[in-house]
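Structures are listed in the sections that come next.
Consider the two complexes below, in which chain A is the common component and chain B and chain C are the respective partners.
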Partner chain A sequence: MNYEVTIGLEVHCEVKTKSKMFSPAPNNYNENPNENISEIDLGFPGILPIANMEAVRKSILMAMALNCKLPEKMFFDRKNYYYPDLPKGYQITQNTKPVGINGYIDVYVADKVKRINIHDIHLEEDTASLDHYDTYSLIDYNRAGVPLLETVTEPCIHSSEEALAFLDSLRRIFLYTNISEARTDRGQMRCDVNISLAKKGSKTLGTKVEMKNINSFSNVKDAIEYEIKRQSELLDSGEKIVMETRRYDDTTGKTYRMREKVENLDYKYYIEPNIPPFKITEKLINEIKEELPMLQFERINKYINEYELSLYDATILTKNIETALYFEEVIKKGVEPKIAANWINTRILGYINKEEININDCTFKTDDLVELIGYINKNVISTKQAKDIFYKCLEENKKPSIIIKENNMEQITDTNAILSVIKEVINENLDLAKSYNPERGRTVDFFVGQVMKKTKGKANPKSAMDLIKEELLKLIQKN
Partner chain B sequence: MITKELLKDYANKLMFDMKDEEYQTLLKEFDVILKQMDLISNIEGINQVEPMTFPFELQDVELRKDENIRTITKEDALSNTDSKMGNEIRVPKVVE
Partner chain C sequence: MSYLDKTIAEIKLSLDKNETTVSSLTTEAIERAKDYQEKLNSFVTITEDNAKNQLDNLDSVKDSPLKGIPYALKDNFSTKGILTTASSNILKDYVPFFNATCVNKLYNKGAILIGKTVLDELAMGGTGTTGHTGPVKNPWNAKRLIGGSSAGSASAVASGIVPFSIGSDTGDSIRKPACYGGIVGYKPTYGLVSRFGLFAFASSMDHVGCFTRSVLDSAIVTDAIKGKDEKDMTTFDSSNINLTANINNDIKGKKLFYIKELVDRNNYQDDMDEELDQILINFDLIKEKCKNLGMTIEEVSIDKNLLKAIFPTYITISCAEATSNNSNLTGIIFGPRGAGDNINEIMFNARTKGFSELIKRRFVLGSYILQKENQEKLFLNAGRIRRLIVDKMTTLFKEYDAMILPATGSIAPTFRKEDIDKLSDRYLLLENHMAIANFGGFPSITIPSGFVHNMPIGINITSGIKQDEKLLNIANKIENALTYKGQIAGGEN
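On to the complex of A and B.
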């Protein structure tokens, strides 16, 4: 392709609070329309919106997570436009002083680090939701007034992979910090994509096309890829790109023109006079800073550098904070990081993903994993047995030690006990034993098999093999 | 410079139109407003003055605690409209 793609994203994410941004109506998902509303959400005359402290705190926390510069005071603005999803005729948002500006996050795109610059992040109220039918539209105001954080990137993204890596990282930050549940299936996280193509080496950006309200990450990827193809074909054939807003249809996988964007709409922004500015004090900043956990990107790097894990393992372990904390607790209790990572990434995550539960709800706690790995290290059980014990622990909700005892699973590590079984097996197969050739391993394998059979798999295989070799050698030397 | 064309363009963006004499009235009003603006702009040091958005510097603005959930009933909410369907408000179709 002869063109360089430039993408900027605007991501809306609903903030998790008990009440709405400016009203005391509940902020929770309700399938029954128009039940989560107050007169403030409906824009009745004489209303007085008062900002929700929790939403303000969470917006500051997110601004910190995105390394943004905070304003000294929290201001809100009115964005005026006329549409049925907005009963007041304006949306309370932040324009003059967003809660965060000039930030960045680093993300992994495949195995490379890419810095995504954040233009700003601002706190606002969500609009009502509209359902459109053939001749009419229906309005549900449940969503009107839900606190919403909009993150706006700089036009610094150059592929669908980078866009997706950013969206995934952003979503993980919302989850790590408990700012939002960030569920795309409930429309809690929605994305506008601005995309332009310019000739490679060109110093100016191409004409921008906007795609509004894309509701899943895979749709963002498909929409971007479709637009790259559509725009490059137009440019190849000498045509011009029109500045417009397009809609992505996931059933056809294509984008369709919604309206030509002649110039930016004049929203006649002005500072919301009903909400006095709120000072963001040093004390408040310090309090909120305490709540900021180590985020995924830093954790990945820590796991790679300190624990010598692969990027792949570190990424899986840090996908959610609960798993990361589980892993860290296990290694704090003395387990080798690589062994802990293997167990968690394969067995434990395999199980909780299948059961669709959170790692904190899994009955196999960190102590159980530490205990189980301890038994392997002490040769009490084999790795294979450990896997069986793990599943039995989950099935029967019992500790590893109980399962081992109840099923008589301890390995025989006592050399004398193993030796007496070996002698028995050799006597039973004396001719074969006498034909033992140390150059060929098959005889040893046969005897190991026999010993394991007699001990019901409990003999430590390594000790058994070493002892068999010794005994067979002694036998042929004697003859 | 405010012209009739400019006013017409703004009016169209706001989805209305006016009679010719109304445009003339508005143009005259704008003429006065702009002259007053010019007077203000010429005050020495005006560029250094922060725009006043609130008359008083409030020191202890309290935000609302995220509790005491309260709603109005669905019936109350819908009683203000004569166009509803189920529990939703019905309006003419707003997308093409």
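On to the complex of A and C.
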């Protein structure tokens, strides 16, 4: 391709709080329209906003997670425009002093680290949701006034992969910090994409096209790719890109013009007079800092460097903080990291993903995994048996030791016991034993099979094989 | 003589001595409201049913200085189940489902709401002539206006319908009509009284306040409605402030000042007439009274250009904030729904029909002022002038206990608009200086100080932030040194 793509993202994410940003109405997902509302959300005459301190704290936490510079004081501004989804006729947001500016996060794009610069992050209130029908529209004010964090990146993203890696990382941060549930299926996370194409090597950016309110990550990817194709074709044929706002339609996979953007709308911002600016004190900053966990990117690097895991394993283990903490606990209890990673990434995550539960709700606790791996290490059970025990533990909600006992699954590790079975089998197949050739392995396999059969699979296969080789060798040397 | 003609404190005594009853007081207040309505047009709604309900439930109310006292409320305070129009067609049928905080407080103290009063449409205006139900008249002379925007609340108290009423004050909307009506008008420190439920005009300058016929009554009413409100982030804890208890403190040695440029006859050579002359003479008289009370009074000079900028600054900030604050009036959620084929048309038509030309003009101004290309020059510069004035005043209030000035430069005007020259020094200096208190949130009170051409005039006293106790204390002492306490239009004075 002859063009360089430049993308900036504006990501809106609803903040998880008990009540709304400026009213005491509940902030929770409600299927029934217009139930989570108060006179404040609907902008009745005489109402005043009350800033939700839980949301303010979470916004500061997010600013910290994105390595942003915090303002000295928390300010809110009014953004004035008329729209039926905006009951007051203005949105309370942050314009002059956003809660965070000039931040960044590092993300993995495939196996390369990419730094995404954050222009700003600001706290505001959501609008109502509108449903349009042929001859009428319906308004649901449940969403009006829900606290919203808007993260604005610099135009520093150059592919759909980078955009997606950023969105995924951002979502993980919201989840790690418990700031939001960040569920795209409930519209809790929505994305505006600004995209422009310029000739490779060009020092200036091309004409910006904006795509509004894309509601899933895969749609973001498709929309970006469609736009790159569309704009490339236009440029190839010598046409100009128009500055405009487009809408992505996921049924056709295409973008469509919504409106031409003559110039930026004037929102007539001014400071919200009903919320006195308040100081973000050192004490508050320190308190909130305590709440900031180690995030995914740092954990991935730690797992790679300290535990020698692959990027792939580290990424899976750190997708959510609960799994990461589970893993770290197992390691702390002495399990070798690679073995722990293997178990968690295949067995445990496989199970909880299938059951659609959180790892914390899984009955197979870290102690159980530590115990199970311990039995393998001590040759009490085989790896194959361990897998069966794992599923039995989950099915019957029992400890591994109980399952092993109940099913009589301990391996025979006692050398003498195994040896007596081996001797028995050799005697029964003396001719074959005598024809043993150490260069060829098939004879050994046969004897191992016979020993396993006689012990009903409980003999430790490794010990059995070593002992059989020893005995057969003794036999042919004797002859 | 009726007990209704007395002050709150006096009525309370009579009630306690069983000389009169709450029921007869309320009945009489409603009768007067109805009788005077044609002449004065004080009310949008006379709330007879509400008054009856309150009377029926009064036994369950704990005793308070306001228990059983009838009052009137400006029609821009939200009242549950009672029509609240803000004197605008866009809200002509609006019945709120929640009460303003001060309404709840008065209800809990047992004050009886007998009516909702007329204001200038959406509280924007200073004449009391622009409400959707017609102009309010001055009970001292019905050919004259009473001023606004809290016009009906002023006329209801001045005419003796109620001993107190609640108003709102963004520029001087309580204190000017109080002056024209010969009564007390008090706007406390910003944040002392909750604004929750007051229809916003210019939030950074809006105040809830009261009209009474004595300074003591203003203290009683404000003590009842003040307090930190979890619904208004700009309120503060005032549990250490008790206006009533400190009203009679000794004021000897208190230091007052007045602004030279506002009362200097040299500044009004072109505007001088007998009316202004009398007002300035009256002010000299008041200064003497203050000295006799043991206070000192000094002249302070402030740049005349800064003072002349008060009114334009006020208009600039208030129009800008008003445009935004009234953007909720679209007819989508409440108020008359506009006609139209799409949502934008519906909102457009509701607003076109619902607002008077005067209001639209202010919104256009406000919108222009807030536009990106004009913000710096107009809105932000107005903010800077506001800051200059507030800083100057704050410095002065460190040295002085209060500022005293004539409340206005004229008596209540007639209804002829051409009487006022809005670019004259008299208008810009003496007619509109009271907005200083709104710029800084300073407590400010107007009390009657005499008569010119048989119309009442008043003085305004303003003090520093949270100095409300001291302010009312000084005002009370001056009031006691004069003879206008408790006066009612057409009464014995």
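The working rule: the second predicted complex is superposed on the first by the 479 of 479 C-alpha atoms of A that agree within 3 Å, B and C clash if a C-alpha of one lies under 4 Å from a C-alpha of the other, contacts with A are read in each partner's own complex, and residues count from 1 in each chain.
The definition used in the following text is that contacts are C-beta pairs under 8 Å (C-beta built on N, C-alpha and C of every residue); 3 or more make two chains touch, one makes a residue touch a chain.
In this text the structure is predicted, and so the values were computed from the model without any measurement.
Participant: Contacts for A:32 in the overlay, against chain B (first) and chain C (second): which applies, first, second, both or neither?
Facilitator: So A:32 only meets chain B here.
Participant: Given the touch rule stated above, what does A:173 touch, chain B (first), chain C (second), both, or neither?
Facilitator: Neither partner.
Participant: Taking the superposition on A as described, I'd like to know which of chain B and chain C A:43 touches: first, second, both or neither.
Facilitator: After superposition on chain A, A:43 lies in contact with chain C alone.
Participant: Between chain B and chain C, which makes contact with more of the residues in chain A?
Facilitator: For chain A, the partner with the higher number of touched residues is B.
Participant: Quick check for you: in the superposed arrangement, does A:99 touch first (chain B), second (chain C), both or neither?
Facilitator: It touches nothing on chain B or chain C.
Participant: Which holds for A:18: it touches chain B only (first), chain C only (second), both, or neither?
Facilitator: first
Participant: State whether A:266 touches chain B only (first), chain C only (second), both chains, or neither.
Facilitator: A:266: touches chain B and chain C.
Participant: For A:52, decide between first (touching chain B), second (touching chain C), both and neither.
Facilitator: first
Participant: I'd like to know which partner A:370 touches here: chain B for first, chain C for second, both or neither.
Facilitator: Neither partner.
Participant: Could you look at A:276 and tell me whether it touches chain B, chain C, both or neither (first, second, both, neither)?
Facilitator: both
Participant: Need the overlap of the two footprints on chain A, from chain B and from chain C, as residue ranges.
Facilitator: Looking at chain A, the two contact sets intersect at 39, 42, 50-51, 82-84, 137, 139, 266, 273, 276.
Participant: List the residues on chain C that touch chain A in their complex, please.
Facilitator: For chain C paired with chain A, touching residues are 76-78, 84, 86, 91, 94, 96-98, 100, 195-200, 203-204, 230-234, 320-321, 323-324, 326-330, 332-334, 343-344, 347, 367, 370-372, 375, 379.
Participant: Which of the residues in chain A come into contact with chain C in the complex?
Facilitator: Contacts found on chain A: 39, 42-51, 78, 80, 82-84, 87-90, 137, 139, 266, 268, 270, 273-276.
Participant: Going by the contact rule set out above, which residues of chain A touch chain B in the complex?
Facilitator: By the definition above, chain A touches chain B via 17-19, 24-26, 32-39, 42, 50-56, 75, 82-84, 130-141, 265-266, 271, 273, 276-279.
Participant: Spell out the residues on chain B that touch chain A in their complex, using ranges where they run on.
Facilitator: So the residues of chain B in touch with chain A come to 13, 15, 53-54, 58-59, 61, 63-72, 74, 77-78, 80, 85-95.
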